[in-house]
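In what follows, structures are represented as structure tokens.
Shared between the two complexes below is subunit A, which has subunit B as its partner in the first and subunit C in the second.
Coming up: the complex of A and B.
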């Protein structure tokens, strides 16, 4: 592929911790190969040089929390052929969506002595609430191998191989004994989308749902089981579902059901 | 009358969203601002009402580059509140994973974000075309740092294995020992990288700073110590709020920090190196001398060299810990909540990261304060910019802008963290 026809990649940041875009720089073995296949046209965290749009692929990290960002994301959509949201902030509002359950004015006054300097929206929302999104990568943070798979698939015009099943399947693949069945441990694995490789159960802790709800999750069944067999209290269930994907529809409704 | 504005609306090669603004009127510097427009995320507010055991995982999300600083800072503060001490191999494992974070974060900044400034490249990818070996070695060094994070923490970003009291599961001896060949390669490769960086052109820009860092009687402080400075500070962590105060400025969502009764202060690699040089290993001290560094360093442009020395220290310390590692009997110390306030502070790659939590007898979090190193450094960065621009007004806008960006990047600012927290505008009138 000649230099002139390389697809142009852009990376955008909204409210977030930077971790998901860092995943691209964490592809130590693949980074120079990726840079050989695409033109990294607009990626401020890595480069001063910015090539003008439009861009073939835009990776969007972070959630929308200010009026300015709500306008900026519209511009991103106009300049991009394919928009991919990367991570829990961009796909579900992130941990900062915990404000959506409270009064944001109270939050501002807790952190800032001069609230009048602070401009923020009452909610933290997903990118797809503002513009059409072509593909989403889950996780807090995303799995860098899923990112490489996605970029490879887009370059070759095929569908990315990103599984939609639950974390439970990954535990079975690894041969990890189920901690919920064996010990009654709080684990969101049955209702959480795969992709991390079921890391937490392999380290003797329950899944905390950082990849967000899987397709058609039966959250109420899981809650009932945890109450009956794991002795979990309603406030524990609220906090479990109110984590890094608290504003994802299925998790939000389940947390509200136990309030 | 002439007016010049130099502005960068979105600073590159830093973590998070910031801007720079410099205004020059009649060939005199009128205003310098490091603007931080990273949207606030209100961690201190939504942590209220959560369980004390949730703080490490939640606060990790303040920063994807230095999650260990938050996970450990929160854990240490909770242990302080509950009257628990974590020692032995668990403490060694905490130091080891922190070495992984220092290596990963420092190498990312040195090779990928800062070195292109010294060599005149827009980014490390372009630099890799002319210096492929350097970039390849740097990526391998960074990967070794990340490998430590993966083996001990489960993953590089937001590791899942750290908790209040220690770990969910401790690694097997053979898993830890397997790191040794890479660590030994890393130690040698870091010395080569420092020798190369020594040849970079360094602006002569010595400043008078109050350096603040942690100091521990027995080791180069990372996870424990008293706060000390070169201007007389020597306090326990619990006296932080009496000694370092924050105020809000209109152009920043990050709060500004000052030392009570004095001025701004400087935290990070330069401060640690200058205050704790005597506690570095003999090889680190010798490599520093050969790189032209004295026992203290007041030139922020040389921070790239000092980070190199700290990477070397991290490799040597990792080799020591890996060499003596034995699996502990339990992965963690049991921590039972009690109504109390706890304090925690660790040396994040960019400097001290302070946590304070008040919890009730049920372990519910009632009050939180977290201060990131970049928030502390922000007024110091602005002062550096002012002092750098004034004697260099004769430079073209383009050259001045790049040098100002470099002066900001000296601090490896992490704006995502600083926000409770960059954009350059030079305005010449």
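Coming up: the complex of A and C.
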């Protein structure tokens, strides 16, 4: 493929920690191959050289938290053929969506000496709440192998192998013993989408739900079980579901049910 | 029937290793007794047992030094015969076309040590699925042909066991190379051994064995009879096919769906569940592609995706599909039940759904039916 016909890739940042776009730079072994197949046209975190749009693929990180960003995202959509949102901020509002459960003006008045300088929206919301999105890549942060898989699939025009089933299946694939059953550990695996490779349970930690709700999540059944068998109090359940994907519909409703 | 003393038990490992087998058996890992590669007797969970209930599994110390004093854990042998992820073939771009390379690796000879009777039944079920019909799965067959099965009779069933109901235990009968019964009588610790195949006979012939004395058979019979009477659970399987076929709209399915997480743990833990999906993967350059087979589950939405959408949208539909297949339509499909009574789906369900209780609930309000002809 000649340079002139390489698809153009852009990377955009909204309210986020940069961790997800850094996953692209973290691709080390595959990064050269990525650079060989696509023109990295707009990626300020990696290079100051910015080629003008339109772009074939735009990776969008971060959530919408300001009026300015709500406008900026419209422009991203206009100049991108395919928009892929990456990470929990972009797909669910991120950890900063905790503000959605409270009054953000109160926070501002407590935190900033001159609150009048701060312009922000009352909520932190997913990109898909503002523009049509072609694919959402979950995770906090995203998994770099899923990112490579997605880019490879987009380049070949095939379906990406990004499952929507539970983390439990990944534990079973790798032979990790179920901690909930064998120890009574609180774990969001049964309601969380796979993709991380079930890292936490393999390090003796229950799943924190970084990849957000799986397809058809039965959060109320999991809560009932945690209450009855794991002695979890309602406030612990609220905190469990209010992580990086607190504003994802299924997790939001479940945490509100225990408030 | 022969006797192998505990202090000679390591010889079994030696003989199996000398015969070229990679020994796989129970070992203590992450607070559970799992199946993994074993180097020697010291890798067995000596002096450990397990306690099992719906959604609950705990390992505990025993007050003796039994090597096999527990039942089945989270792993099943299918992991070794039918791995969770398997590359089927790969393709490399060549000129205007591509070249396909099959995955031709010859699997290592494996000896499964400590296979329980329910698990022998499960292996027989999967043999039928993968090798019994007109289409033989070459990947499964290649592994299966190289496996030596050393079974252990179950003396202490646990809370979620119901092999007696499914007619698969507790005594390990056919389809094995070797069977063992562990005996502990005060200070004396030994094993009854029997061979079940020519390969098993060869292994036996190389072990320091004694002949069992008269009356010892009775001891073994008594032990297994005791086990038979202590099943943690029971399932009434009479006319079960009709029971489930007649009740697709029973309210119990809704109750199960309220609890069901559709997490797929039951199907992953089940030793007979065999469903898979196939993934085609291409690399960034598009020069190299691979086809992989991965375990899948009727509890995932994608599993029932056909043109136009997912056939089983509701968790109720998925749970009903799984249980009805396992206990009823499996019989039409393979001439046997898909359930062997090992209890894994009960213990390893994070919501503690109990298949025996589900059957009971559906059966409970059935009108008395005339005996089928």
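Quick notes on this structure:
As a convention for this text, the second predicted complex is superposed on the first by the 259 of 259 C-alpha atoms of A that agree within 3 Å, B and C clash if a C-alpha of one lies under 4 Å from a C-alpha of the other, contacts with A are read in each partner's own complex, and residues count from 1 in each chain.
One rule holds in what follows: a contact is a pair of C-beta atoms (placed from the backbone, for glycine too) under 8 Å apart; a residue touches a chain by one contact, two chains touch by 3 or more.
Quantities reported herein were computed from a predicted structural model and do not represent experimental measurements.
Superposition of the two structures on subunit A shows subunit C fitting alongside subunit B with no clash.
Look at A:177: by the touch rule set out above, it reaches subunit C but stays clear of subunit B.
Once the two complexes are overlaid on the shared chain, A:166 sits against subunit C while remaining clear of subunit B.
For subunit A, the partner touching the most residues, choosing from subunit B and subunit C, is B.
Following the chain A superposition, subunit B and subunit C show a smallest Cα-Cα distance of 11 angstrom.
Across the superposed pair, subunit B and subunit C both touch subunit A at residues 204. Those residues of subunit A that touch subunit C in the shared complex are 30, 33-34, 36-37, 148-149, 151-153, 155-156, 158, 161, 163-166, 168-169, 172-178, 180-184, 187, 189-191, 204, 215-218, 221-222, 224-225, 229.
Within the complex formed with subunit A, the subunit B residues making contact are 10-17, 38-42, 44-46, 48, 50-51, 54, 57-58, 61-65, 67, 108, 112-113, 116, 122-126, 128, 135-136, 139-140, 142-143, 146, 154-158, 160-161, 163, 168-169, 247-250, 253, 255, 331, 405, 414, 416, 420. Against subunit A, the residues of subunit C that register as touching in their complex are 29-32, 34, 55-59, 74-75, 79, 84-85, 258-265, 268-269, 279-286, 294-295, 297, 299-302, 315, 347-352. Across the interface of their complex, subunit B is touched by residues 13-20, 22-23, 25-26, 28-29, 31-32, 35, 40, 44-49, 65-66, 69, 94-96, 98-99, 102, 104, 106-108, 110-114, 117-118, 120, 124, 140-141, 196, 199-200, 202-205, 208, 210, 239, 243-244 of subunit A.
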